[in-house]
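Here come two complexes built around chain A, the first alongside chain B, the second alongside chain C.
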Partner chain A sequence: MAFLTFSNVTKQYGTRRALANLTCGAEAGRITGLLGPNGSGKTTMLKLAAGLLQPTDGEVRIGGLVPGTQTKACTAYLPDRVSLPQHFRAADAVALFRDFYEDFDAAKASEMLRTLGIEPRQRISAMSKGMQEKTQLCLTMARNAKLFLLDEPLGGVDPATRDYILSTIIRGYNEGAALVISTHIIGDVERILDDVLFLQNGCVTVADSAEHLRETRGKSVDGIFREVFSCLQN
Partner chain B sequence: MFAKLMKWEFRQTARVMLPLLGAALLLCGGGLASRGVLYVLPLGPQWLETLSALLYALMTFVLFAGVFVAYFYAVIRFYRMLGNEGYLMLTLPVTPAQHIGAKLITGCVWVAAAMLFSLLLPGTSFSTVITSSDEQVAAALSEFWPGMPLYLSFGLFLLAMLFLSMMWMYFICALGAQWPQQRFGATVVCYLVTSFLVQIVFVMAVGVFTYIAAYSPLGASLYNSFMANPTGTLTVWMLCASAAVAALTAALFFIVRWMISKRLNLA
Partner chain C sequence: MEWNIRADRPVYLQLLEQLEAAVASGAYAPGERLPGVRELAAQAGVNPNTMQRALAELETRGLVRTQRTAGRTVTDDAQAIASARRALAMRSAREFLAAAHALGLTNEEAAELLAAAIREE
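So, the complex of A and B:
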């Protein structure tokens, strides 16, 4: 039984359909890669699960519950942009998470930030964009959430930072939780994926375990992605 | 969670408002001290009088700035919540109603505090009370007390208007956020259009009210009751107006809550 389920979910923005009758899920204890080109509906899916959007039709469930305050309490969401207020100090951000999330491990977050060389009194506005993103990732991964939703955590970062982000995800991720990571940079993330969902034009085109996919297609997930989305040709 | 959110909102807004109100208090203290010296030494130096006047003028400026800052900072915080900060704030385990309520109450409390300071602190520049005799103070109080219900109802009306105007700005922000790609421009246009519509409605309402007051039996009866008991009638009018304003604020609150929970798409 999947912990996060989408049942016949459609999301329409005006006349544009972002998700079309989507049915899929993510299981607890597994890392699911949400893979697809830009505009395929990945962010919309994660926003629906995070409770930031309402489906036009169909139903999203997290642990059997419709997204709301109860699900937000056990869902750690990392958006694809910096959402920390610029006037915040690092300590303010830690305090906010500690105040509102019971599953937040403040000591773990402080340790992760210290490893990055971020002082508690350092302002978010004084950090580089990459550092702001890392701060946000540390805060998200310092939670013992039941569901992690990571939206493009590898977007626009250098290879060294990608390694840092992936190792932070693996170290921070609690084994019993469901983790959904959306990306179109598959090469780096492939090694940590248990399951993959290929998304195109708001529809799931492939849904399988990464291992089974590699065995049956004789290719890496990255290779299959390029094949499915016809990106191999110059 | 609401208590935590309130605490958080007050902590965040206090960082801007406390220095402003503190500066006003300091300036007032300086003004009072210099006046005190002048009171003891009636032939004090001219520069001390100038300093005292300058301190009070500065204080008045800081206080007015405080009211504006308190109001617009509350609106800006709400506007920001519907942008990038929304990805953080709206994923907290808190309902949209609690978010709106916490921001509304915090914003109004700071504006009311700044207004109260603006009313009370400049009063310290007048030495009337200090020099008045006990009889004069007693006479002033005996005139003041009978009007108390009216003053309170007027205060309630002002408070209700403050909540309504803040909620109105939140409504405009939420309306502008329905166009996430051009949110700022959309918010400005929404402000201009809705303000224009409200002014038309207001002018029409004034016209209807004037007609009723001048030509209908209801107007005559209202006039008679006002002439018979001006303070009591005005108090009732103020209370009725406050209730109407509160109802309007509640309606806007539910509309904004619906927009945020059902219609919002953060850019």
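So, the complex of A and C:
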């Protein structure tokens, strides 16, 4: 039984359908990649799991519970854009997370920020976009959550820093937690994935383990992704 | 150690090959304590479960072992390491021979080339 489950979930924004009768899941102790082109529904799925949106139809469950106050306490969500107040200093953000989340490890967050070269006194507004994203990622990964939802964690980060971010994710997350990463930069992320979900127009088109895909198709997940999506466009 | 993991082959096999080579070559010394699974996975930039699977296979092959207090260590069985080294070297030798055959060389010519390469060194 997957820790995070979507059962026949539809999400409609007005007349636009973002998710269409979607059924899938993410298991505890595994890293699941949510892969799809822009507008395929990745962010909508993560927001539903984070309890920020309500499904139009169907059910989302986290450890059997409907997303809400209880699940939010054990879910670490990294939004696709920086949500930290601009006038904050890095240390203020750490203090905010400490006040807000019982499972937050402030010492771990400070240590991660330090290794990434971010000073406690640095203001968010004075940071580059990549630095702001790194700050937010450190804060998210320093929680001892059961479910991590990372929406495009590599979006604004330069290629040289990506490996560093990925190893920070691997070293940082709570063992036994379910970790979901959405991305369209598949080549850089696929080696850390257990499971893969391809999303197209609000539907899951492929759900498999990354290694099984490589074994059976003889190419990278990135290569398969390009193949699948060029087929669908024809 | 340096890792070189590509995405177009199963990662598990590449980890197994590279870990085996590291033990066979002494990059991981006999009896040396290995970093934890998560740390190794982070260094290689791969999934921790995949790294765990490769280490378990390495253990089955007798090249590493898990000790309750010391974590995972490289075997100190010199014979096991020597036979792993020989198996890996034999694979390279076969690859060389296959490449030589593909170029139309005979076994004797291939052996002569290898001897010449040794003399040049």
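FYI, the second predicted complex is superposed on the first by the 229 of 234 C-alpha atoms of A that agree within 3 Å, B and C clash if a C-alpha of one lies under 4 Å from a C-alpha of the other, contacts with A are read in each partner's own complex, and residues count from 1 in each chain.
Assume a residue touches a chain if its C-beta (ideal position, glycine included) is under 8 Å from a C-beta of that chain, and two chains touch if they have at least 3 such contacts.
From a predicted model like this one, the values you see are computed outputs, not experimental measurements.
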Partner chain in contact with A:G223 - chain B first, chain C second, else both or neither: second
First (chain B), second (chain C), both or neither touched by A:L84: first
First (chain B), second (chain C), both or neither touched by A:Q54: first
Chain B versus chain C as contact partner of A:F100, first or second or both or neither: first
Touching partner for A:A73 - first (chain B), second (chain C), both, neither: first
Partner chain in contact with A:D163 - chain B first, chain C second, else both or neither: second
Chain B versus chain C as contact partner of A:G39, first or second or both or neither: neither
Contacts of A:G176 with chain B and chain C, given as first, second, both or neither: neither
Touching partner for A:E211 - first (chain B), second (chain C), both, neither: second
Residue numbers on chain A that touch chain B, as the complex places them: 13, 47, 50-54, 68-70, 72-73, 75, 77, 79, 81-85, 87, 96, 99-101
Contact footprint of chain A on chain C as seen in their complex: 5-12, 38-39, 41-43, 45-50
In the complex with chain A, residue positions of chain B that touch it: 1, 4, 7-8, 15, 80, 84-88, 90-95, 261-262, 264-266
Footprint of chain C on chain A - complex, ascending: 29-31, 163, 166-167, 170-171, 175, 187, 190-194, 210-211, 214-215, 218-223
